[in-house]
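Here come two complexes built around chain A, the first alongside chain B, the second alongside chain C.
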Partner chain A sequence: MPKKIKAGFYSLSCCEGCEIVMFDLEEKFLKVLNFVEIVEARLFDGKHPKEKLDIAIVEGCVESDVDKKHLLEIRARSKYLVAFGACATIVGIPGIRNALPLEMQKKLKRKAIIPVKEKALPLSAFVKVDALLQGCPAFTHEIIDVLVKIYHGIVPSLEEVPVCNECKERENPCLLFEGVPCLGPVTYAGCKALCPSEKAQCIGCRGFTKDGNFEALREKFQEMGTPKKEIQNLFTYFNKDPFTKEEGEK
Partner chain B sequence: MHQDEDFSIENITKIEGHASLDLKVRSGKVESCEFRVTESHRFFEDMVNGRHFSQIPLIVSRICGLCSSSHLTTALEAVENALEIEPSERTMDIRQLSIFGEFIKSHALHLYMLALPDYLGKESVLKFGEKEHHFIHDGLDLKKAGTDVLTALGGRPHHSVNHRVGQVTKGPNQEKIDEMIKGLESVREIALKTVRLFDSFAAKNTFERKTNFVALSGKNYPLINGQAVHCSDGTFVKNYALMQHMKEVVVPYSTAKNAVFNGKDFVVGALARTALNKSQLHPVAKKALNECSTKLPNNSPFSMNLAQAIEVVHCVESAIDIAKDLSPKNEPALEIKPKACSGVGVTEAPRGLLYHSYSLDEKGFITDSNMVIPTQQNIRSIELDLHKFVPTLLKKPKEKAALEMEKLIRSYDPCISCSVHFLKVNWL
Partner chain C sequence: MQQNFLLKKEKLNEFLTALSKEAKVFVPALNENNASCFLPFKNQEIFLSKRTSFSPKKILLPPLEKEFIFRKKSSSFKIEHLLDSKKRVFFGVRSCDTHAIKALDKLYLEYFTEDEWYKAIREDITIIALQCSKSCENGFCKSMGTNNPVGHDLLFVEKEKSFFVEAASERGKQVVQKYRDFFNQTNFIKPEPKLKFGKKLETFGLKEILDKNFSHKKWKSEAKKCLSCSSCTQVCPSCYCFLSFDKFILDSGDSERFRAWDSCQLKRFTKVSHNYVFRESRESRLRQFVMHKLSYFPENHGLPLCVGCGRCISVCPVGIDLTEIASTIRGDVK
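Now for the complex of A and B:
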């Protein structure tokens, strides 16, 4: 029996859907336990003393100082830290509040019982993140891939291709032809073009690619007759508006 | 435990989300009991404002990882209610099936992965030995039948991708439908076994507290598409008027609001549904319930687990019936014209009654929204249960007593991520 790596699962502010995805591994979940020892997981395990970890898998974003403190504490005792899901990697849906009018944000902040930060932020705003599990929710095949690679000490790198590549591999007809505004051209692949294969537009849950041609895509949507405000809504579903520059916040 | 004790359980495990319990016991009586939700606010109600109605279902499905389809469907119903759209029969069947799939998934995970360890004296499923491994297999097989339904109908097990206002972008083909039915048929026996298992546990828990039950009212054990809500106190209220009876209450120590119905604490979820709609259960589920040694309805929160198991049987059987008649033919896309309007959607999520309401402007953008989540509705009952339950535990050692309290809380299957979705600001 090979030596097991010690792993912990943590959730900050999120829906905990990514941790639930662990159970979608089904029989493979039991196989994972052959080389991974889960030493902490509040969702499905009891309480344990805080141990040194080989790998910490953290879902959710940082909404408050409580989240931030928790994240720093996890990072300090983990060799590798993996951002688990859209909230952890790109803030995703919780990030919608970052773009609310300033006055509204201030009021929200005042009303909060647990003080919240100015903005909801992904893990990388506070700590070094070694690997990403993108998507909302994260994908089972990638969870196994990351665990196996880290077991062997190989930090996985990001494959920088857009959803369109995988969509073509599946021989789906392009949704843009049908007048459906789809973010496939500017979103990271790895999902096997799940949504377009169901005739549903890509909404960017895996994050925008570094070199995406956002201008051209916006023009295309306009040409297709999608109203301006809807286009703006679509680009800010999971991601920060690619057309406005904001200064980073620590 | 002593007659006087200050007691606190930080970060209760094996529930969805972050919550703690603070108790003050004086002279053998509970002086104060605070079930504190400690998760940060999540601002959903404010985040959907200004968004196009077509995006709402996919955004709010992210409120919860366990019951995403319920949020999705409730939002769809609310927007359709506002825009006066009636989806096709096939769309409704696909939705109904997804909800069955979600109930099977959610209940299976709660029963086997979160609740069962309590009853076997184990810390968690990860500590199950060879002898208990078959439980994990049963739980995962059951869950798989549920998620396979969701995958066939929505592209994946969580956050379905193809459900839209008034329609689905693409439905399952015959091959997927057949596979889904096969999967469901393969877990029929496990579902019945689950009932027997949790019946044996329920028989051991004698604690009871009388409260009111609230559930959706309608035909065929309604989980979606109900037009009214009923309460065991005799109240019968149309969906749109629900909030005249159900009031949300802000509690200073928690990031989740509580709720009262007609001014009183109440319970929603499997126990309430089986209590109020028992006669509408699928015949197979009804028979399974009749064979149990524990009788439902009863007033024991611990029976919530058994009620969930009964619902698993109901959902498996009802899903098979509907899937057999489901058409694999895709329908043409629906053109929707927006208008200024507002509407409500009320459904049963796995944990109980779920309410969404939205107002749209003439271009179809959201101007106002409200959501009331099952866990919020149950929090007050959890606290009142503990008031009555804790004094019966005083003879037990502190750790054992704490475990019993957690067991009670876990029976409610609380979902904390859902309950902190809101932070309502009064705009002056």
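Now for the complex of A and C:
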């Protein structure tokens, strides 16, 4: 077998749940170690900090200048950078504060332990991101897939496929017919419609697709009688409000 | 030999249990989320009241199918084909779905000159059709000429506390002979339920009308509502498009070739080199679905690809209905 690839795992602002997911790989994790050398990771046995990396897997979003500095430093020495989980790919939960009224945002900022930036932002607002591992938390089968692909020199790309596609493959009844506002039609698939299969609406943790027809879905929710506030919350829960366009920080 | 029989409804599960001893039997039933679909028979309650929300297509064309494994040898590859031939029985296939199977056969056995994966699954299936005794929600099989089953081995028609059973093929006769104890001969003639349909699709001259109105404004206004969720193609019993991809097997040089359902409602469907997508607009994607069903396939293969089951209409969250699209366009023709 050719040389192992060097990988590092990093956490910015987040709950660090995605890194924990690595342990769910169980015995597959040992197989991963046959072709991946983990040189840096707080949770594992990282020995060689600040090495050049083939692949950096970064969870969390950028909330502060500390995060930003750390991210730029990792990017500078990594061939590929993978955004790991909802916070890294779409800001996710930490980004909820971005949509709050300004007064509340200010109050939150005052309470923060370290100085935080105006907005919480995903990695792509600051650096080139080569691949995404979506989801809150990320999915084990996809982590392996990305590692194996990069090992073979292939950079995985995103397909514009919505959750509904997998929801129907799993032969679920559609929640929209039961009056439950579900974000499946505008959210990237790959989770095998985890939530709708358990009768819970999709809340968009894997990110909004570029192809999504947001206006039509909002109209559908309104028609179903979903309260305005709930619609607004749903569209801004994990993702940036698709109805307001603004420039991301670079 | 007399070919018509009666089977008592209360004996149905016993009969299916007997069949299960020699074949994998699939029946209409409710899944854990209460959706009606085709499931392996486990002596559960058989869903007879309506057509299932999901068709038996997934058994013939699995949503994700492993086709072969490339095994790495020192200087070459060995290819191991994975074919799934088994004895199978489909019970309770409604007329529209038998026509959908016919369309799939046409494509995978004739047009693609015998797709070996499809053929392996298809070869040994006994189809027990179930004649509908009432019309279904959104169905319009009568308009499509698909309201009488084709290609089945046995036909079941509900008749009070029994099923009227007709052996329609050699294979069907053998089943009756083998399980003779379940069947009583009858002199009744086949019941012909008269069905009334709420939905209609006028097919006369339809192809020409649709072809000529390729840029009709209806496509744009429907596309404005469409979520491109692909539910319509996923549930359609005759949508047959697939994509292929390879997957490396973890920590070995081997890899696997898969094929999976694809959908014309997704952008990736027409992605070619340089990431160019030639059916980029929602309008062009939605139109492709309807045109393929009602114009292109009938023209190329001489049979309808839409079998009128109405599932795409029932599943669409925003109420897009191909019969309504077709009749609006027809109505505007002077």
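Simple rule for what comes next: the second predicted complex is superposed on the first by the 237 of 250 C-alpha atoms of A that agree within 3 Å, B and C clash if a C-alpha of one lies under 4 Å from a C-alpha of the other, contacts with A are read in each partner's own complex, and residues count from 1 in each chain.
Everything that follows uses one rule, which is that a contact is a pair of C-beta atoms (placed from the backbone, for glycine too) under 8 Å apart; a residue touches a chain by one contact, two chains touch by 3 or more.
Note that the structure is predicted; figures quoted are calculated from it, not measured.
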{"item": "Chain A as common anchor, with chain B and chain C clashing or fitting", "value": "fit"}
{"item": "Which superposed partner A:L176 touches (first chain B, second chain C, both, neither)", "value": "second"}
{"item": "Touching partner for A:K199 - first (chain B), second (chain C), both, neither", "value": "both"}
{"item": "Touching partner for A:I55 - first (chain B), second (chain C), both, neither", "value": "neither"}
{"item": "Touching partner for A:I74 - first (chain B), second (chain C), both, neither", "value": "neither"}
{"item": "Inter-chain angle, chain B to chain C through the CA centre of chain A, in degrees rounded to a multiple of 10", "value": "110"}
{"item": "Contacts of A:A83 with chain B and chain C, given as first, second, both or neither", "value": "neither"}
{"item": "First, second, both or neither for A:I5, with chain B first and chain C second", "value": "neither"}
{"item": "Contacts of A:Y237 with chain B and chain C, given as first, second, both or neither", "value": "first"}
{"item": "Of chain C and chain B, partner touching more chain A residues", "value": "B"}
{"item": "First (chain B), second (chain C), both or neither touched by A:I114", "value": "first"}
{"item": "Chain B versus chain C - smallest C-alpha distance in the overlay, whole Å", "value": "8"}
{"item": "Chain B and chain C footprints on chain A, overlapping residues", "value": "197, 199"}
{"item": "Footprint of chain C on chain A - complex, ascending", "value": "1, 28, 31-32, 34-35, 144-145, 148-149, 151-152, 159-162, 164-165, 167-169, 171-174, 176-177, 184-186, 197, 199, 211-213, 216-217, 219-220"}
{"item": "Of all residues in chain B, those that touch chain A in their complex", "value": "11, 13-18, 38-43, 46-47, 51-52, 54-55, 58-59, 62-66, 68, 109, 113-114, 117, 123-127, 136, 140, 143-144, 147, 154-159, 161-162, 164, 169-170, 252-255, 363, 365, 417, 423-425, 427"}
{"item": "Contacting residues of chain C [partner chain A, same complex]", "value": "31, 33-35, 37, 53-54, 63, 224-231, 234-235, 247-248, 250-251, 253, 261, 263, 266-268, 282, 315, 317-318"}
{"item": "Contacting residues of chain A [partner chain B, same complex]", "value": "11, 13-21, 23-24, 26-27, 29-30, 33, 38, 41-47, 63-64, 66-67, 92-94, 96-97, 100, 104, 107-108, 111-114, 116, 136-137, 194-195, 197-200, 203, 227, 229-230, 233-234, 237"}
